[in-house]
Amino acid sequence: MYYIALSVLFPILTGVYLLVRKEIKNRKSLLIQTGIFLVITTVLGVLALCLSGGGILTPFNLTDRLPILFKVDEISILFAVMTMVIFLCAGFFSFIYMEHEEKEKRYYGFYLIVFGILLALCFAGNLITFYLFFELLTLSSMPLVLHTGSREAIMAGLKYLFYSLSGAYMALFGVYFIERYGNTLTFSTGGVISSQAAADNTGILLWIAFLMLIGFGVKAGMFPMHAWLPAAHPVAPAPASAVLSAVIVKAGVLGMVRAVYYIFGVSFLRGTWVQTAWMVLTLITVFMGSMLAYREPVLKKRLAYSTVSQVSYILFGFSVMDAGSVTGGLLHVLCHGAIKAGLFLCAGALIYKTGKTRVEEFRGAGKEMPVLMWCYTILSLGLIGIPPTGGFISKWYLAEGALSSGLSGFSWIGPTVLLVSALLTAGYLLPLAINGFLPGADYDYGSLKKKEPPLLMVIPILVLTLLSVVMGLFPEPLIHYLSLIVEKIL
Amino acid sequence: MILLVIFIPIIAGMLVSLIPFQKRSHMEIFLESAVVLNSFLVGYLLLHRPDHIITLANFTGNLSIGFKVDGMSIVFAGLISVLWPFATLYAFEYMTKEKHERIFFTFYTMTYGVTLGISLAANLLTMYFFYELLTLVTVPLVMHTLTREAILASRKYLYYSLGGAAFAFIGLIFIIIYGSTTDFVLGGVLDLERIGERTNVLLLIYVIAFMGFGVKAAVCPFNSWLPDAGVAPTPVTALLHAVAVVKSGAFAIIRLTYYSFGTEFLRGTWAQTVVMLVTMFTIVYGCSRAVKETHLKRRLAYSTISNLSYVLFGVTIMTPLGMVGALTHLTFHAVMKISSFFCAGAIMHQTDRHYVHELDGMGYKMPCVFGVFTVSALALMGVPGLAGFVSKWNLAAAAVESGSRIAYGGIGCLLISALLTAIYMLSIVVRAFFPGKDFNMAALEGINDPDWKMLIPLFVFTILILVMGLYSAPAVKFFNDVAAGIY
Amino acid sequence: MGANLFANYGEAVAMILFGIGFGNLLLQSNLIKKIIGLNIMDTAIYLFLAEKGYISGRVAPIIVDGVQSMEAYINPIPSGLVLTGIVVSVSVSALMLSITVRLYRRYQTLDLDEISTRLKREGL
Amino acid sequence: MDFVQNFPAVSILLCLFGGIISSGLRGKTARYVNRGLLLVVTFLSLCTLCYTLESGEAFVYVMGKFPAPWGNEIRAGMLEAFMAFFFCIIMLLSLEGGKKKLVEEVEEEKVFLYYVLIDLLLASLLALVYTNDLFTAYVFVEINTIAACGLIMIRQNGRTIEAAARYMIMSLLGSGLLLLGICMLYDLTGHLLMSNIKDQAAMLYASGQYRIPLLVTIALMSVGLAIKSALFPFHAWLPDAYGYSTVSSAAILSSLVSKGYIFLLIKIIYRVIGFEVFYDSRIIDVLFAFGLMGMIFGSVSAIRENDVRRMIAFSSVAQIGYIYMGIGMGTQAGMAASVFHILSHAATKSLLFIAAIGLTDVSGGSRKFIDLTGGAYRNKWAGVAFTVGSLSMVGVPLFSGFISKLLFAQAAVQNGTKMLPALIVLGISTVLNAIYFMKTVIRIYTPVEDSAYESVTFKNMKLYGLTLICFIVLNVFLGVSSQPIVDLIERGLTVFS
């Protein structure tokens, strides 16, 4: 089970190595190195997942009461798998994409570090470990955001940094209290709050819970602390933004899941004002996100906004705390991961090829690069939630869970909001596809020429598209697995 | 033995100005050896502690100048004696650019002895005595450059400190009158029969005395001397205004609170509320000023202000845990802040750049310095695995454990200030490493890392930060013992 | 009270005189007038002493025809005090006068305030 | 009766005769006479001190053949003896320190007058300290005033004469009030000897008759002496008198003359009125209040001052405020603190004056701060001495000022109502002291590149340097081993009443 440690340390160390070593002359060797590192990391990760069944690894103690410990449970597996897949795809994609950017070495270095830290987050076995890597994640992913080094990028990077840190500190505030009122900091299904403390200081604990939700919510781009996301994601290089909005925001989700289901415990929170507030916030975010996305002309920004709203779908699912909805939430974690990563890569490819950024400029793109556009279309359909894609299944579960949850009001408000925002999603994703394929009569077909992006770019996108479709076509095993998890944690 | 430890540096300092050294290197060797020797003596002393009080002189009646080594002394004296040799080494390199360094080193070394005097003092009077002395010895260091602003700054420093001492003095008097003794006894020496009806007066006096000592610890209304004192050469700013002097203030307040007035008497009174609120305010105030400040050293000075109030916040919790938190932060912050200050000093020494906006892209030219700076910045923010996290954790744990709502608010302040810390420290780091694409490196030609005399201290402190962050358990255990009065 | 005041009018007068003298010494700006005030003040005190010292119907403590009972004489000490006082005050006034003379020689004026303003101008 | 008991009377008479003799001598010889006198008197009072210390109580020496209640008496307790001893030392040092200046500032043919005045001053001081008879006290107060006035105007310039005139006027007002008070007391009690008056006064107080006259008397005497010792509202004459007279005069005036009056006041409180009686009259609160005000305003005007000697003079106003605050606390401890402060202030203030003159000399004789810059490098000893004096004034441990501050504060804490105001003002005034003294110290230690002024070394000012060293030693002695002195003061005060 030392594979855990390996899978965490290896990418971090290699990343550091890339950072500190001096410039590599020919680009190819750098790429090869990076590729090897990525693959090895993934292998290690998989090994960790398979071989260390529930074992606990404690490298050392921060203080006598604060052990750093890793362990692998279902949630970790779920998130880890997603992370690895997306990192591989985005990684290979960037081999082409990053050609024209400067300081590639730095980019790959931090890319690897972030990879390692994300794995660590998935494997984190107690709150303090989680917090540690949560903060490190912020610090190490910031360079990806401000990689291009334009003034706008740097500002966005700082914004990202300070938002996430403030979130992290809110979470830390909670950690302090849990360390006092909880039996332990180790994640354990059903919560760790000692019933005694829970009875005595319910009020303060609820506030703590709320704070932690907001805190982790920052990373997940939940209203009211979402403002950094639309600023930060678009300025990053496309593969980076793919990783950011597909995986890194999920770190926030993971944090909330851990806090709610493994620290406070559903029984403690269900029916309290915290749950209500949480649901309200998520719904607001869902709607607002899609609304803003709908009015956003720049493609990547639009996708970023859509991330805001989609992630809150997931959060809504968790906030309902009903078997169905939670299943939906978990499922949507995967789907949205795959889809959004795919979409960003598509956007990246489009920009790489055409150099344009605004949605209406891509007229006829479908004629020029059909494969890419088809992928885009399918992925969009998935995000909207149209069968036979994964998005449909997950949203179905979400809505159904909300309806069956028996929460007065939300049981129907929730689904409606989801539906509306689904329509909006259609509204902001499809136009590009439509323009792409049906540029309209006045479009001069003479000028267009086939310019599919190189394979190394297309394959990752294809993989992700495939994944999203597969999840839609054969969901049963997945659903089954998820329902097992849900039974455990509820 | 104790007297020896205190007087060696003082005498050595005087000798520096008296002996006519042929070469500068001779003086360096002489000083460094004296300081190191003294540090070793201190180490020996702390390990083999004399358990009785050594009395030097008798003032009126029951007042005497006496020394004793107890837990607090071990913590503070140990800290000082570890930091000083490195700081001196650093100073040698730094002072090459300054004038009449003889005088500088004279007082610089004397300060060592005086600070040790504070830490080893056995009773309030002795501490007060060395406290005053500290002020007087350090003034020449502040006005060293003799520019107009330096002189103004030193005056301000002098007025503030002496004034503060004057009010602390009142507290001293009350301890003399109402205490069974002036010696430091964990849990306080107040004798409750004598107080009788006048509890509130005593509380008022406690607040006054707290503020009085607080002047040196730069508590909010009285903090403006610290940034101004930054005009002093960086070794001074780093060692004295980040550690020795200001920490003496904090140390004095710990003595006052835990060893003279006693927490039993103070806990839960309005006095506690007042001082706690003051510290909380200072925490936030210092950070926000630091964010606004563009002069590098002043920014660090403001951050010192807020961090000192972390310590004081721990003190005002007035539980053993609170004291543990205070001690932890007292020690750990010393290391973090001194290393960041030394970085600032190295930058100024190498490039004569004083403002934050001049630091673009320097990270590539001075990788070591800025690497160290980054580490200290992260540590100050409280990233887990580095020193800052542990101390903040202890503080917060104490606050939670105390269970008072104000203390909870205090945790909030800690975190807010942590965020602000991130803002003002990391913005520097980001500037240094990510200057932006349209920045031409040519502007930074000829800038490079300083030589070993400066780098050694930097690396040592960085390692210390890491070690404290990862293996803090023994230290914290020791602090626990101190707070429990085992030593 | 009024009757009381009238009964020992001597003391009352002495007090009034003392007040006058004191006021002059304090408030007058002319040095000579100050000195006069001083003398009035002192004299007032001597009057007071003498008034206290004399008991009507008794004689000075000088034995002319055999010692009589103690009630016949007054206490000689007050008179002695008066004499001493007079000596002192004479010397003091002499000193004051000499100072006055010096100042006048220097500044051709007796007004103390003017002198000090001049001094300010001299910046001495 | 032991032989020693003659010493006080003898020393007074010696001084008087010395004065008379010196008036016929030339300056130099007059100086020798004076020094000789001082040494002898010092020795005599030392003997008296030892005698009283071992006998443990005061002795009364009848002047002439008349016993109490008619005759004139001298009463010497340990406190009196100690005061006399101390005053002599301070005077000796101040004279030595100021000798050089004296030669410069006073015409050759006037020097002997100076020493005549000094002798008379010493005589009157001793008399004030020793006498047991109120009226004698009055007479010597006047002599004291005259001598002091002479000391001020011995240096001939407009300022000094004007200052002398003002000083005369104020102190005449004071002594007028004092005299009136004495007279009234006399016909309230029918006595002039302190001890007898005290019994009578106690009886009157017990019987409750003549309340108002008694009160008025107390008021008159206190105010009179307060004026003479320049308590806050009556200090207008002080800065000029101290600021412009020749330095040893300034030192002696500030550290001895005013202190003599204060000591007389304390004597009156203890030995004439009786402590309880005085305490019950509200006068004491008035003194307290004025003392506090003096502490603040004196320092404030000192801060505003731009002339170093005037600054020191103003600081004396503040210090006298301290003393009256101590008296005003109306406790044994407060009184002891005041007496100790009389000593420490005497030592410190004369030190400051002497040091200041050293500094101004190496700054082209100018007393403006701007010219003093770097003075401490030109005249090292003066610089050190000035620093010591300042630190002592600010109340840094190791120096006498700290101890008196300590005693004051302790006394204040024991007093219920007056505690907080006293402590707060104590704190504030410390800050103010720090401001103006430290400002000066920093100033004199700020080096100037090309100084126009020559610098002096220890060689060509041996005597001066020695004086300074003696002063410093005295200061540190008072600061470090103050315990015996404080005990002595307390014993003396108990013997008083």
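Letters A, B, C and D mark the chains as written, and numbering starts fresh at 1 in each.
Going forward, a residue touches a chain if its C-beta (ideal position, glycine included) is under 8 Å from a C-beta of that chain, and two chains touch if they have at least 3 such contacts.
Predicted model only: the values in this text are computed from it and were never measured.
The chains that touch chain B as well as chain C are D.
Centre-to-centre separation of chain B and chain D, using mean CA positions: 44 Å.
Computed from the mean C-alpha positions, the centre of chain A lies at a distance of 104 Å from the centre of chain C. Chain centres here are Cα means. That of chain C falls 28 Å from that of chain D. The multi-chain contact residues of chain A, meaning those touching 2 or more other chains, do not exist; every residue touches at most one other chain. With chains as nodes and touching pairs as edges, the resulting graph is an open line.
Counting only pairs that meet the touch rule, the chains in contact are A-B, B-D, C-D. Residue ranges of chain B in contact with chain D, taken from their complex: 57-61, 63, 125, 128-129, 132-133, 136, 139-140, 143, 146, 151, 154-155, 158-159, 162-163, 166-167, 169-170, 173-174, 176-178, 201, 208.
Residues of chain D touching chain B in their complex: 391, 394-398, 403, 405-407, 409-410, 412-414, 419-420, 423, 426-427, 430-431, 434-435, 438-439, 442, 445-447, 480-483, 486. Touching chain B in their complex are the following residues of chain A: 60-64, 66, 102, 128, 131-132, 135-136, 139, 142-143, 146, 148-151, 154, 157-158, 161-162, 165-166, 169-170, 172-173, 176-177, 179-180, 204.
For chain C in complex with chain D, the touching residues are 18, 21-22, 25-26, 31, 34, 38, 41-42, 45, 48-49, 52, 75, 77-78, 81, 84-85, 88, 91-92, 95-96, 99-100, 102-103, 106-107, 112, 115-116, 118-119, 122, 124.
Across the interface of their complex, chain A is touched by residues 378, 381, 383-385, 389-390, 393, 396-397, 399-401, 408, 411-412, 415-416, 418-419, 422-423, 426-427, 430, 434-437, 469-473, 476-477 of chain B.
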